[in-house]
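The following pair of complexes shares a single chain, subunit A, combined with subunit B in the former and subunit C in the latter.
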Partner chain A sequence: MSSGLYTQLLDLACGAFLLAAVIVLWRHELAALVRAFALQGVALAAIAVFLGGHEERWDLIAVGLGIGVLRAGVLPYLMRRALAALAADRGSEEVRETQPLVNVAASLLTAALLTLLAYAVGRPLTRLDPTPAAHALPVGLAVVLIGFFVLATRRRALAQVVGFLLLDNGITATAFLATSGVPLIVELGVSFDVLLAVLVLQILTTRMREAFGTTDIDDLRELHDR
Partner chain B sequence: MNGIGYAAVVGQVVVVVGGAPLLAGWMRQVRARLEGRAGAGVLQPWRDTCKLLRKEPITPAGTGPAFRAAPALLVATTAVATALVPLLSTDTPVSSHADLVVVVALVALGTLALALAGLDTGTAFGGMGASREMTVAALVEPTILLSVFALSMPAGTTNIPAIVAGAAHHPARLASPAGLLAVAALAVAVLAETGRIPVDNPSTHLELTMIHEAMVLEYAGPDLALVELGAQMRLTLLLGLLSSLFVPWGIATSGSWGALAVAPVLFAAKLCLLGAALATAEVCWAKVRLFRVPELLAGSFLLALLAVTASYVLNGAP
Partner chain C sequence: MNSALLLTAPAAVPLLTAAAYALTGTRTPRPGRHPAAWPGLVSPLAILLCGTLLAAGVLKGGARTACSGLLRADALTVWMLLVVGAVALIACGATPAYLAGERTAERTTARTARRYHVLVHAFLAAMCLAVVSANLGVLWVAVEATTIVTAFLVGHRRTRTSVEAAWKYVVICSAGIALAFLGTVLIYYAARQAGIAEAWALDWPTLVARSGRLDPAVTRLGITLVVLGFGAKAGLIPLHAWLPDAHSQAPAPVSALMSGVLLSVAFAAILRYRVIADAALGTDFTRLLLAGIALLTLALAAGLLLSQRDYKRMLAYSSMEHMSLIALAAAIGGPLALSAALLHIAGHGLAKSVAFCASGRILQLTGTTRIGRVRGLLARTPAVAGLFGCAVVALMAFPPFSLFASELGIARAGFRAGSGLAPVMAAALVLVLVAFAAFAARTARMLFGPAPAPPAVPEGTAVWPLGLGLAACAALGVSLGPLTGLLHAAARAIGGH
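After this line comes the complex of A and B, so read on.
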């Protein structure tokens, strides 16, 4: 792969990666959140594959494809199943993220500030080794921060799961861009961790719905009010 | 050379003034066909304009100079902006003055004149439409500025002809994430600024939803014709700006008669395609609630900001 084309493709994948995080903040429907997350998984896999293709490391390409299967296939499938269970149970009420704690316009502006912050923080790192991958590093940091923000401001359990996965996507992207590829065994461990976490969270969501009839975190007052 | 430059400027204004109603008619026709109607034909807006121009000018009692000057000001500012923006040629005598900030300010001046006219009538609808229009405008102008700044960074200048000429010579600048984010942001901003469907419905007179129509309810006769023409010219100008910035091929970058002769044809073709795409989208979309409009515009502002950040962070630009 020629250097100019590689830079462009990597930049494009990073742009799509960041855009997916923004769409998660923008949309109200939980189904749209899951779709945006799947798009982000594809972009993340593309980042890994482009890096592997540039350095001609086949293990990295394999890791990238594995990430693609997990994050664009398995995890969205699990979330969609949980969503279908919610929709069948409670009608259309639960399927919308009705009221995030911060309204959408304000959270979009916050995301803009977080992106700028990530860029400011990432500058010394970029200056250490000015390769195209290092230049894209702040994108990974920005997605980590946006993931934190989603985790903190959303009320439905499933939206919080998306926030958690956004955070993890950001961490993975940062790892790839900073080290140009983590070892296969580390990535496998992380991926299984994430899969396990989502399965546990899915069971937790189901239990919450059975116990309280909703997954709105704010309704869970009984734990400390009595 | 200079003769060609002046011909290009005159050509731009003539093409936009003459073509704007045709573009509006073309979009209505596409919409009608998609909705299964026969449609009134592409020339209908021109016929409407001619009909209105023959009528007697009437102004409501108690309105002041703002009401009377607004239609002329709207058309005049749009015409000046049209002369500045490189729609047919980047090499014109006025191209050194065609700064981004000037063009956006001219467009905003037209908006302001119309909003003042809406307030001047003293009716409930006029004031309501004006306040809504200014809310939208306050959110749209920074988005337009920022998204074009994202493109001006690789070019190193805010001069629009220089940006367009640079993009025509280095197409790689457009395929970068900054370019893609900027085009998405600018497209939303253009839809909002021209009052098209996700923000405002141009064909409704339902008082709860309208923005643009509420301001111009009191106009009649030749004034109404000017207001309509101004709105159509703004749509043409902003769609033309969008196409010039992101599909700059076919715009004459050097002073030759041949290039200038090809440019209007390609410009018309690009606008026809854009107009058809927009009309198709309008058939499929619903208007968003007024309370969700700031959300939509905040989203497009964020895209523009990300475009600026991306063109700074990522390696695409030095």
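After this line comes the complex of A and C, so read on.
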């Protein structure tokens, strides 16, 4: 791969990666959130594959494809199944984010500010090793921050899961862009942990619906200090 | 003895025990038959045995490694293994009586009891893996695995409150610990740029040996994220919100394990990173970071202890208080403070697990966790109430219990360390006194007074593990005995020269 084409493809994949996070902020239907997350999984796999192609490392391409299967296939499938169960059980009010804490315009503005912050924080990281991949590194940090924002401001349980997964995608992207990924044993462990965490959260969503009749996090207020 | 065997056994034996419990469930159980509780004692005893044998080897011949460097035991590993084993012995010893009480109240069935055993042993395996792993990436994976296996233990009772606690626990801990992973990635990046090969760039001894070459700006960012992330798991501000909910909702022996060792296993990870950061950045950065977080956590815990009306949450906030004292000791640094921090980890683990196990029995007897509704415990169930009272006295750092010695050590080191830390130390002592007063007043209300009703339920037989735990805590306070060398070696391993 020529280095000009590689840089352009890498930047394109990083752009799609960030865009998917912004779409999550923009949409309210939970199904759309899951679609955006799957799109982000594809972009993440593309980043890994482009890096692997550039460095001519087959193991990296294989890891990228594995991550693609997990994050664009398995995890969205699990969430779609949970969503279908919710829709069949409770009707339409469970599959939409009813009243997010922050409205769409303010969310998009916050995303812009968080991206700027990520570029500011990422400066020492880029300076240490100024390759095209390291220049795209703040995108990963921006997605981490946006993931935290989604986690803190969305009320539906599944939307929070999407926020957690955005956060995790952002970290994986940072790892790829900075160092072409962490060692394989760590990557396997991390992917396994994330998969299990999502399964646990899915089961807890079901239990929450049984116990509270809704998956609105605002209804979780039985535990307090007085 | 073979060090590969000694290093793998602490994680492998609990894992095998968990598998054994899981497999007994594949046959259709006869109604009314519950899984035996005694195999539960195999894992803690195996951990203690491996810890003891490793201690002898490590003190004689230095750190041991196995599995091509992935597993490693130095004095800190051994100290943590012994603490995990001792606390697990108390918790697993108290489990049969706890489950018997739950069965009487018809809150547990053979199926849920088996799931409980499987998860508890998987939890022990994950904690031991976190302690013996030399690779910081594997350490992270193991700490995150503890979150996953304990999620259903926190939500064991499936009530509204326990589901809520489990949700908060998984979301906050997973998101928090993800920050620690980002920090790990950044340290790995700095290490690769410093010319360390891929296979060794997350290896703790390699990083410590070459930490002077890490890029300071990247390391600073990485360490901040690591402290915030593992701090979430250790119950430190700002991601502490899961702790009182999870500790108050989990079954009592699980609360004992979470509060007694899970928090300090996560903090041991911070202690490991602190060595790297101090060599790369100088001591000022981590000192400021840890002292600030410790003081804020202490202030929050003391404030909430004052307004607390639920005794299990009271114990949870007391854990935050003690973890922040340990963080403060890590901020001070130096041999005295680090030895005191490690001793505090051990003393707090023993005393807090006794307190939580006793509180589980109190909950079964009284049916409430409200402090205001519990009266005259000493007249009603003298043995359990006496043990609970003694554990609280130990947690308030009275002699002869070892928390007295360790808090005294932290205070002495703090005032000696230099002008910057003296006001912090003074503020911390005032906050500890506030927490102390709240703790004493609330416990006295529960223990004293006439018994409200005749003791309808006979006292459980689970007195021996709790008594043993308190005796060990007192013995550590009087004399370290054969552990002296190990404690000092452990403090040296994490930078107390």
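Everything that follows uses one rule, which is that the second predicted complex is superposed on the first by the 223 of 226 C-alpha atoms of A that agree within 3 Å, B and C clash if a C-alpha of one lies under 4 Å from a C-alpha of the other, contacts with A are read in each partner's own complex, and residues count from 1 in each chain.
Operating definition for what follows: a contact is a pair of C-beta atoms (placed from the backbone, for glycine too) under 8 Å apart; a residue touches a chain by one contact, two chains touch by 3 or more.
Computed from a predicted model, the values in this text were never measured in an experiment.
Participant: When the two structures are overlaid on chain A, which partner does A:139 contact: first (subunit B), second (subunit C), both, or neither?
Facilitator: After superposing on A, A:139 lies in contact with subunit B but is clear of subunit C.
Participant: Go through the superposed model and pick first if A:63 touches only subunit B, second if only subunit C, both, or neither.
Facilitator: In the superposition, A:63 contacts neither subunit B nor subunit C.
Participant: Touching A:51, do we find subunit B (first), subunit C (second), both, or neither?
Facilitator: A:51: touches no partner chain.
Participant: Is A:183 contacted by the first partner subunit B, the second partner subunit C, both or neither?
Facilitator: The second partner, subunit C, only.
Participant: Looking only at subunit A, is it subunit B or subunit C that touches more of its residues?
Facilitator: C
Participant: Tell me the contact category for A:168 with respect to subunit B and subunit C: first, second, both or neither.
Facilitator: In the superposition, A:168 touches subunit C alone.
Participant: Would you tell me which residues of subunit A are touching subunit B in their complex?
Facilitator: Interface residues on subunit A, with respect to subunit B: 4, 7-8, 11-12, 14-16, 18-19, 22, 26, 103-105, 108-109, 111-112, 115-116, 119, 122, 132, 135-136, 138-139.
Participant: With touch defined as at the start, can you tell me which subunit B residues reach subunit A in the complex?
Facilitator: Listed in rising order, the residues are 172, 175-178, 180-181, 294-295, 298-299, 301-303, 305-306, 309-310, 312-316.
Participant: For a test of understanding, state which residues of subunit A touch subunit C in their complex under the given definition.
Facilitator: 121, 124-125, 127-129, 144, 148, 151, 157, 160, 163-164, 167-168, 171, 174-175, 178-179, 182-183, 185-186, 189-190, 192-193, 196-197, 200-201, 203-204, 207-208, 211-212, 217, 220-223, 225-226
Participant: Quick check: in the complex, which residue numbers of subunit C touch subunit A?
Facilitator: Checking each residue of subunit C against subunit A gives 70, 135, 137-138, 140-141, 144-145, 147-148, 151-152, 155, 158-161, 163-168, 170-171, 174-175, 178, 181-182, 184-186, 188-190, 192-193, 198-199, 201-202, 215, 217-218, 221, 244-245, 248-249, 304, 307-310, 313.
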